[in-house]
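Two complexes are shown next, each including chain A; its partner changes from chain B in the first to chain C in the second.
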Partner chain A sequence: MAHPLQLGFQDAMSPVMEELLHFHDHTLMIVFLISTLVLYIITLMMTTKLTYTNTMNAQEVEMIWTILPAIVLITIALPSLRVLYLMDEINNPHLTIKAMGHQWYWTYEYTDYENLEFDSYMIHTQDLPNGYFRLLEVDHRMVMPMESPIRILISAEDVLHSWAIPSLGVKTDAVPGRLNQTTFIITRPGMFYGQCSEICGANHSFMPIVVESVPLQYFENWSSLMLS
Partner chain B sequence: MLSLPALCVGTLARRGVLGAASIRAAHGHSGHVATQEDMSVPHYYDRRSIPLPDVPYHKELGAEQKALKEKEKGSWKQLSNEEKVALYRLQFNQTFAEMNRPSNEWKTVLGGIFLFFGFTGLIVWWQRVYVFPPKPHTLTDEWKAQQVKRMLDMRMNPIQGFSAKWDYDKNEWKK
Partner chain C sequence: MSSTLLPKPQMRGLLAKRLRFHIVGAMIVSLGSAFLYKYGVAEPRKRLYADFYKNYDSMKDFEAMREAGVFESVQPKNS
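Here is the complex of A and B:
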């Protein structure tokens, strides 16, 4: 989750998110450079003693400020497409989980081996145990094994929702009548928080997602416990 | 048939002296027409960005001024300073310094801005007192401390974020 007054991204907990962080650094640096240049030119223009501003011939500078932005855009587009295709690479997931969005909770189905299904409701502020995070905690967390490729199939039972976890770099819309797939690998154990990211009614802000990433042994223990 | 005022206006309009005003005057609005510039002929203007206007400021010159203009056609070294200034004033209305003189407008603008800041501040204050509901109990210092402990225990953002700033060996924030 984010800490108070956080400005940047959360740390990456999956390889794709790491790539996204690096791409963002690259693009933001370009954006800062351009903004600094523009700001500098504006201050130059505001503080000049020269007064004649009628249109004059400017063929050379016109060439420069057409070609250079094109090059900048290509410099941004190439890494962007690389990350985009990276996200869609074929991998062989070890586990498939279905996440169904409802108004206003999620249902998770682990049906690879047994038939494990449960609802995940937000814990209300007045019922929070000490030190828990307001509007982020749920009664049944989604437990997953770490360091395994996982496929999540996301859909909705009523209206549009969106399943998003910022630290994993995942945001996938839950569309009723449609199955959307997203895959990721969680590199570290821990708890990762996300919130519904598509307006879905009165309690849209109150249906969070919590992923708990644990070693495989603990995952297997948890799933046997949940089944009984 | 055309009325007499309309005929008179018509001849004047043909001479190119009156413009749209002539039409409005002919229709009986003569009392309400302000003097209008004829925009189809070159104008004088004092403009910083176009330093040389199309026409001189004083178009009709008296005898003395005409003599000065004749003198100007010779070598300029023969002109005294007063004559040079006089020639300048014939050609131009204001100097660049007069044209670009600063004004006190910025004080009014800044004052207005601060006034609105203050007014907005009053509205925000009133909102905090009369509109906002009580804060949730999770914003007390005690709860926030428990929350921070929980965040550190679960190693939240351990690479460059939150937990990366905590020294787990010494149990304190990193210096």
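Here is the complex of A and C:
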């Protein structure tokens, strides 16, 4: 989860998020380059009384400030498309889970083998045990096996919602009447927090998502327990 | 009374001279800031992730978290 005064992304917990992190660093480096250049030139222009009033044409500078930005855009586009296509790779998921958005909770359905279905409501602050995270904890966490490709099918029963977990690099809209798919691999065990990311009414900020990532055998034990 | 002539000051091309000097300065500053970000933030971050996962044992990490009691689906061994 995020910590106070955090500026950057949360630690990456999936390979795609790691790629996104590095791509963001690359793009931000270019942003700093352009911003410092522009700021320097503005300061330069504001600190002189010298002028040149005989400008007739500017062929050379026009060439430079057309070609250089084109090069910059290509430098950004190539890694961007690489990550985009990486996210769409066919990865043969071991497990499919459905996440249905409601006002104002999520329902998770594990229907690959048996019919496991449960609701996940936010735990209110007055009921929160010590040491738990305010407005982020839920009564039933979404448990998933780590180091396995997982497919999540996301939809909604009423209005638009969005299923998002920053540390996994996932944000997918939950649209009523539509099934959206996202896939990821969780590289580490632990808890990963997210929040609904599409305005959906009064309690939009109070329908968080918690993923609990455990080894496969413990995931199987948990799902058997939930079914019984 | 005698008067000595001052050298003629430069009267033309002052803006061009200033621009020539500062364009180089602007390139140095902007490329320098990009260089600083790349080698101060981006490359260390890549190295951190690579080093973390080089000898990472996910089961050991899981067992430590399990004993700390953070999971709801898995109880600590000693409970």
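A few remarks follow.
Keep in mind that, in the parts below, the second predicted complex is superposed on the first by the 221 of 228 C-alpha atoms of A that agree within 3 Å, B and C clash if a C-alpha of one lies under 4 Å from a C-alpha of the other, contacts with A are read in each partner's own complex, and residues count from 1 in each chain.
Methods note: a contact is a pair of C-beta atoms (placed from the backbone, for glycine too) under 8 Å apart; a residue touches a chain by one contact, two chains touch by 3 or more.
The structure presented is a predicted model; accordingly, all values stated were derived computationally and were not measured.
In the superposed pair of complexes, A:191 makes contact with chain B and with chain C alike.
After overlaying the two complexes on the shared chain, residue contacts for A:51 are found with chain B and with chain C alike.
Legend: residue contacts after superposition of the two complexes on their common chain; A:115 is shown touching neither chain B nor chain C.
Look at A:41: by the touch rule set out above, it reaches chain C but stays clear of chain B. In the superposition on chain A, A:141 contacts chain C only, with no contact to chain B. When the two complexes are overlaid on their common chain A, residue A:125 makes contact with chain B while staying clear of chain C.
When chain B and chain C are set side by side, the one touching more residues of chain A is C. In the superposition on chain A, A:3 contacts chain B only, with no contact to chain C. Looking at chain A, you'll find residues 12, 51-52, 188, 190-191 touch chain B in one structure and chain C in the other.
The part of chain C that touches chain A in the complex is made up of residues 14-16, 18, 22, 25-27, 29-31, 33-34, 37-38, 41-42, 45-46, 49, 53, 56, 58-59, 61-62, 65, 70-74. Residues 1, 3, 6, 10-12, 51-54, 125, 128, 130-134, 167, 188, 190-191 of chain A are the ones touching chain B in the complex.
Here chain A touches chain C in the complex through residues 12, 18, 21-22, 25-26, 28-30, 32-34, 36-37, 40-41, 44, 48, 50-52, 141, 143, 146-147, 187-191, 212, 214-215, 218-219, 221-222, going by the rule given at the top. The residues of chain B lying in touch with chain A in their complex are 48-51, 96, 136-138, 143, 146-147, 149-151, 154-162, 164.
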